[in-house]
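There are two complexes below, and they share chain A, which is joined by chain B in the first and by chain C in the second.
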Partner chain A sequence: MMQTYHQIARGDTLLAVDHVSLSFGGVKAITDVSFDIRKGEIRAIIGPNGAGKTSMLNVINGFYHPQKGQITFKGLTRSRMRPSVAASQGIARTFQNVALFKGMSTLDNIMAGRTLKMHRNFFWQCLRHGPAMDEEIKHREFVEDIIDFLEIQAIRKVPVGKLPYGLQKRVELGRALAMEPDLLLLDEPMAGMNLEEKEDMSRFIVDVNQQYGTTIALIEHDMGVVMDLSDRVVVLEYGHKLADGTPDDVKANEDVIKAYLGVAH
Partner chain B sequence: MQSQEKTFPQLLMRNAALRGDRPALRHKYLGIWQTWTWSDVAEIVRSYAQGLYDRGLRHGDTIAVIGANRPKLYWTMMAAQCLGAIPVPVYADSVAEEMIFVLENAGVKMAAVQDQEQVDKVFSIMDRLPDLQWVLYDWGRGLRDYDEPRLLSIDQLIDGGREHLDRDPQTIKQLDDMILSGRGTEISVILYTSGTTGRSKGVMLSAERCIAAARDSVAFDKLNENDQVLAYLPLAWVGDHYMNYAQGLVAGFCMACPESADTVEQDLREIGPTFYFAPPRVFENLLTRVMIRMEDASGPKRWLFHTFIEIARRYGEKILNGQSVPFSGSLLYALGEILIYGPLKNVLGFTRVRVGYTAGEAIGPELFSFYRSLGINLKQLYGQTEAFLYVTVQPDGEIRADTVGPLAPHVEVKLTESGEVLFKSPGMFVGYFRDAEKTHETMTEDGFVRTGDAGFFEPESGHLKIIDRAKDVGKLTSGALFPPKYVENKLKFFPNIKEAVLFGDGHDYVTCFINIDLTAVGNWAERNNVSYASYQELAGHPDVYAMIADHVEDTNRILSHEPMMAGAQIKRFLILHKELDADDGELTRTQKVRRGFIAERYAPLITALYDGTQEADITTEVIFEDGRKGAISARVKIVECEIFPLATKEKAA
Partner chain C sequence: MFYRETGQFKTNYADDMALLPILQDRIGLGIILFVAYVIIPFFGNDFLLSTVMIPFLVFSLAAIGLNILTGFTGLISLGTGAFMGVGAYACYKVSSTFPDLNILFCIVFSGVFSALVGVLFGLPSLRIKGFYLAVATLAAQFFLQWCFVRIPWLYNYNVSGAIEVSQRSIFGVIVTGAKATPESRYIVMLVLVTLMTWVAANVLSGRIGRAFMAVRDMDIAAELMGIDLLKTKLLAFAFSSFYAGVAGAAMMFIWVGGGEANDSFNINQSFLILFMVIIGGLGSLLGAFLGAAFISSLPTILKFGLPAIGIPLAGATAEHLTYILVGGLILFFLIVEPHGLARLWQIGKQKLRMWPFPY
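Up next is the complex of A and B:
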């Protein structure tokens, strides 16, 4: 089964975002936002279009570098880092628009998620037998476990470009899981799905969280889903933090209601 | 020597002793076929039985088995039978309310279920099942945080039993005694009927009768330990219990469990079963898919396919039956085998099939011939849960599409005056569980069982022909025969038509509901630039109507060639706005049409079919997969079709 190392106990802060500001030229995407993600929780980031949610995720996994503020992940503080470093530290993500290798099979796509865990060099990889093969078999077993978990056995060998959107999303989740991440970032995992697909995906997110103990941060527009799934919610608007708390707190927060529903003038 | 074993556990122990190293069970897990030999299975089942015993399962208790075809669920049945307890397989896709009836009626003490979905279902009705003590699960995903004292994993139980057996030699002897003392007259399993005609009933089958029936059919088809089957049909269906479980234990062949319900097609290809059993619906779906894929193929390939299928149609069946064909015919057929039939069978997973059966519903003659013409030895049998399957069966060389064959070995049949078929068979049931009244209704005084099917023996061949359910066969006001299923099967041979429901009993003419096949029609729509957003929209599309009308008229033309059936031509039809669904009670769990219910539910549409209007409104309640309810309303068009005069006159002109 999957092994995540538990240096940090459940409930402690896994990742802290500290007074982060990000701007592109004159456009301020994020202004002085702070929040934390605790080990083992499902944390939702919500907000209207353009609120800076995806930018926030990009900051967390090192794709954007904030001008101000810092990020502490597993006790390590950093202000600049590359996505590859974030990945090797245990942050995995899925994208708003599916970013899979379209021509490759489901299996190969998920295997790609194991790349960082493969240690044999090019020489061994070229041989048909030997340690690289043993390693491959070990990883394959792990990947098959994920395939079983996500119930995508039937599409194991199908090129992902031929799959319907809902299944592609599931494959992408599988690839992220293959990294055995400590923190899983999901950017709108349910965008464009029908009701049934959404229900399936919600189920998988909860199961990943429970079974593997993976901490999850997700961006989602479907409020029903967000309120059901997440332990805590942070609300952004125009790059500012509007509210932070349990789903019930957030639902009752007047600023949030204003931002989402507008107010009578 | 063979007849010593009276129960399935005794057969299991015999197989472990006789062919311990032969594969007994396979299951694809983590992408690899895992294999258990007969001795592995015997060891696991013994441990499991001890585990069940330790948790309080005793002789005569019932245990529900709910889920897909997975090794642990088959082991549950064997382990329970070791103790003299009675397994009760339940259709895994039944919703909680349907399940209540079976679990309540059977008074189950334990339930072995596949996964979280089934666990949730069982716990949701727990308060109505006072006897239920333990819920055992196979697959633990999502169950980790369940705080339920009555929940146990099957692995835990097997390990516990194994440990107990290792620790205490006394228990080994006790378990051996229990297995050896199992009597053949005891109830071995209770199979609930699918309930085509109302509430399902628990059919009690005794061990010795089950085994006697399986021995007959194993000998009949010369099955042995080298055979292989893919067990993919519902556990609760007699077909699976007989073909795979009973025959497997008697003949000692290997049963393979698919990876998941969606992968059956791939698994079939990988396993390459030698013995294959499927209801007509499965063959129909396969054919539909092949035809769709051929439509998408390039021109030359299409030409090749259709040319050789035509050759197969002409000579294939004759060659399979050993009749003589012209030399050019066998030459062309051999070429076709290389170019088309061989590869096609390989894709379908039928390359190694030695014997294939279809049963459960009448199969369209065209469909049946199609598979036989490819060289697949597909045969028909007629049977019932109450018979523990075989009543009639077609021996090699006497295979016909339009009959279900002569009597199976050791079966007696007689017909009542009204044409109802009565039988006495080796595997005959003992009675309905906790329903003496129904048992009494079904069994005649001289020990025959009523089938409820109307049929007759063909005088020249002695083959039985089943027309329809006795109560479904009707008459039009003109006095012409109205056999709904006969016509529906003709319609369903068109890939575009998934389901048809005929009406006409007591009316002036015949009318029909049609369900389009979304895969086939969707594909057609794509190729013809017909855009649609939903099933409902596609079903109501004028072009779709025109296409279906052609199909109906073709069917009428065929019927016009048959003097007995010419009166049953369809005058008016409509395409339903939703798919008929078992969740809405329109089909049984084995996907048979529930006529009476449909007639009631769609009464306004039937009225419209007969009052001459061109359109009708209908609102129906639907139940979604998660149990929520909704309503669909639609305006449905009605189309009129041409009726052909009896063909003999046409020829004269």
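Up next is the complex of A and C:
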């Protein structure tokens, strides 16, 4: 059922990046880059260190305001926006160097992802009975499904600051999923993981994409993973777009081989 | 051995989300409430009630207030004393303007007023953090203190310049003024603290509490969850100042029964409450109580306790010893255990859970 919906939906443009340039003082992080992300696809963004990949995600969810160009998300065009607005429009993300709420438990971290969907006012929060408790339970059930999905039941009540890095990355994915995003931005979700953890994470990403139909933009250095998971790949180098296409296209591209894959081999 | 959650399976989320999910903790709380509501008022003497318990309860409220702001939301404040003062003067003005108004209502109103003032002084917190925010709240402390002294309207143009507490009753029982018994004042204080602790625990364990902690731990990620930083910080200031305001009003009306603001609501008071929060444990309600109990009773223990067991100690020496002990402990906790006494208690419970096995 989900699958058919997913197949039909795949294809329309969800997000379009249009001639975006971003610089910090003299440093040009992104220069005149355009690409699009289609509904339901896994879109990889790759490139050497300092290519501007993270900066691109920061532009998409409103942390950075590009000097030139614009972003169109779900048909709405804007050149600058606030991260909280991006969140309410359905963009969630994970960070390259884990940005969890370290003092809170796994459960509370993921529950925090439900914030936008919880509305009981301060009065009810003071009582924590009736409607406030009903709401809390409803969202707890949703969050427990995510916990089961990511197989992190055992660390539910553990403060995330105490977890190993691999699990922290998983919790961070859970927190992003709790927002039920239309577009999920993942910044190197497998960095620093061993092979087994990488395989688990790849499986979760594919499952999220297929079961929930969530569109994913993925930054990743591991070429094997990128080629396996993604539908289309955009390659950045020194802030410029070098190539854009299916994994096979990109693999065959002369410039890319020279600039990026060549280095990896 | 006896402190175990094994065998206590939660069959639904509501049970698991209760404020105290472990049975032994609920029993412990029951015992504490029984002692506080029954044993102490019936068997405690005036000294215990007036000199130990009432100050402890007042300080607990103030420490909860500061802990909401600093421990839970990560915003440091050196203005707690001044916000207590705002509560005290608000209560004085309202109760003297409307002599027939129930005093409890006046106290709650002073909390609300203090919350509004807190929001005003919390506005800079969106732009500034850490050290600079501390300086901004310090400015609030001095500005408000200046108001307390320089605006005679606040103390009704009394020649003494002090707050004069008149006699008020609740359900026919005198609770403020010279004729109020320690028992009645203690019970009023206890009810206030019980209710307000319950409310704080509720708010902090729900959506709003999570937003506070999210802002404390990683504000950029919080923003990304759709948490509005300004609103959340201002709410933390308001909520925190409410507790400080009620504590200040209660201090004047229920504990000391009137006095001058410069003595009671100065920078020393702000620091004292900050010390309670640090020693008790940042980000823990239990910590607020432990810190308040420790710091508010330490001088009494040194001054009266030590001579009672045969160790003579002059009043001034006791005071100096208090400073030395508190100073030393602050250093100890800041370096060794930033989560204070509350964390030590948790570690103790953890050990108990494993006992008698070391692992």
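Keep in mind that, in the parts below, the second predicted complex is superposed on the first by the 251 of 265 C-alpha atoms of A that agree within 3 Å, B and C clash if a C-alpha of one lies under 4 Å from a C-alpha of the other, contacts with A are read in each partner's own complex, and residues count from 1 in each chain.
Rule of thumb we're sticking to: a residue touches a chain if its C-beta (ideal position, glycine included) is under 8 Å from a C-beta of that chain, and two chains touch if they have at least 3 such contacts.
Bear in mind the structure is a predicted one, so any value in this text is a computation, not a measurement.
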item: Contacts of A:E141 with chain B and chain C, given as first, second, both or neither; value: both
item: Chain B versus chain C as contact partner of A:S88, first or second or both or neither; value: second
item: First, second, both or neither for A:T72, with chain B first and chain C second; value: neither
item: Touched partner set for A:D108, first chain B, second chain C, both or neither; value: second
item: Contacts of A:M179 with chain B and chain C, given as first, second, both or neither; value: second
item: Chain B or chain C, by number of chain A residues touched; value: C
item: First, second, both or neither for A:E151, with chain B first and chain C second; value: first
item: First (chain B), second (chain C), both or neither touched by A:S21; value: neither
item: Chain B versus chain C as contact partner of A:L127, first or second or both or neither; value: second
item: Set of chain A residues, in rising order, touched by both chain B and chain C; value: 140-141, 144
item: Chain A - residues contacting chain C, complex; value: 61, 63, 82-84, 86-88, 92-93, 95, 99-104, 108, 111-113, 115-116, 118, 120, 122, 125-128, 132-133, 136-137, 140-141, 144, 175, 179
item: Complex contact set, residues of chain B against chain A; value: 28-32, 141-142, 144-145, 259-260, 262-263, 266, 625-626
item: Residues of chain A that touch chain B when the two form their complex; value: 140-141, 144-145, 147-149, 151, 153-154, 156, 196, 199, 203, 206-207, 210-211
item: Residues on chain C engaged by chain A in the complex (per definition of touch); value: 13-14, 17, 19, 199, 202-203, 205-208, 210-211, 213-214, 216-218, 220-228, 235, 283
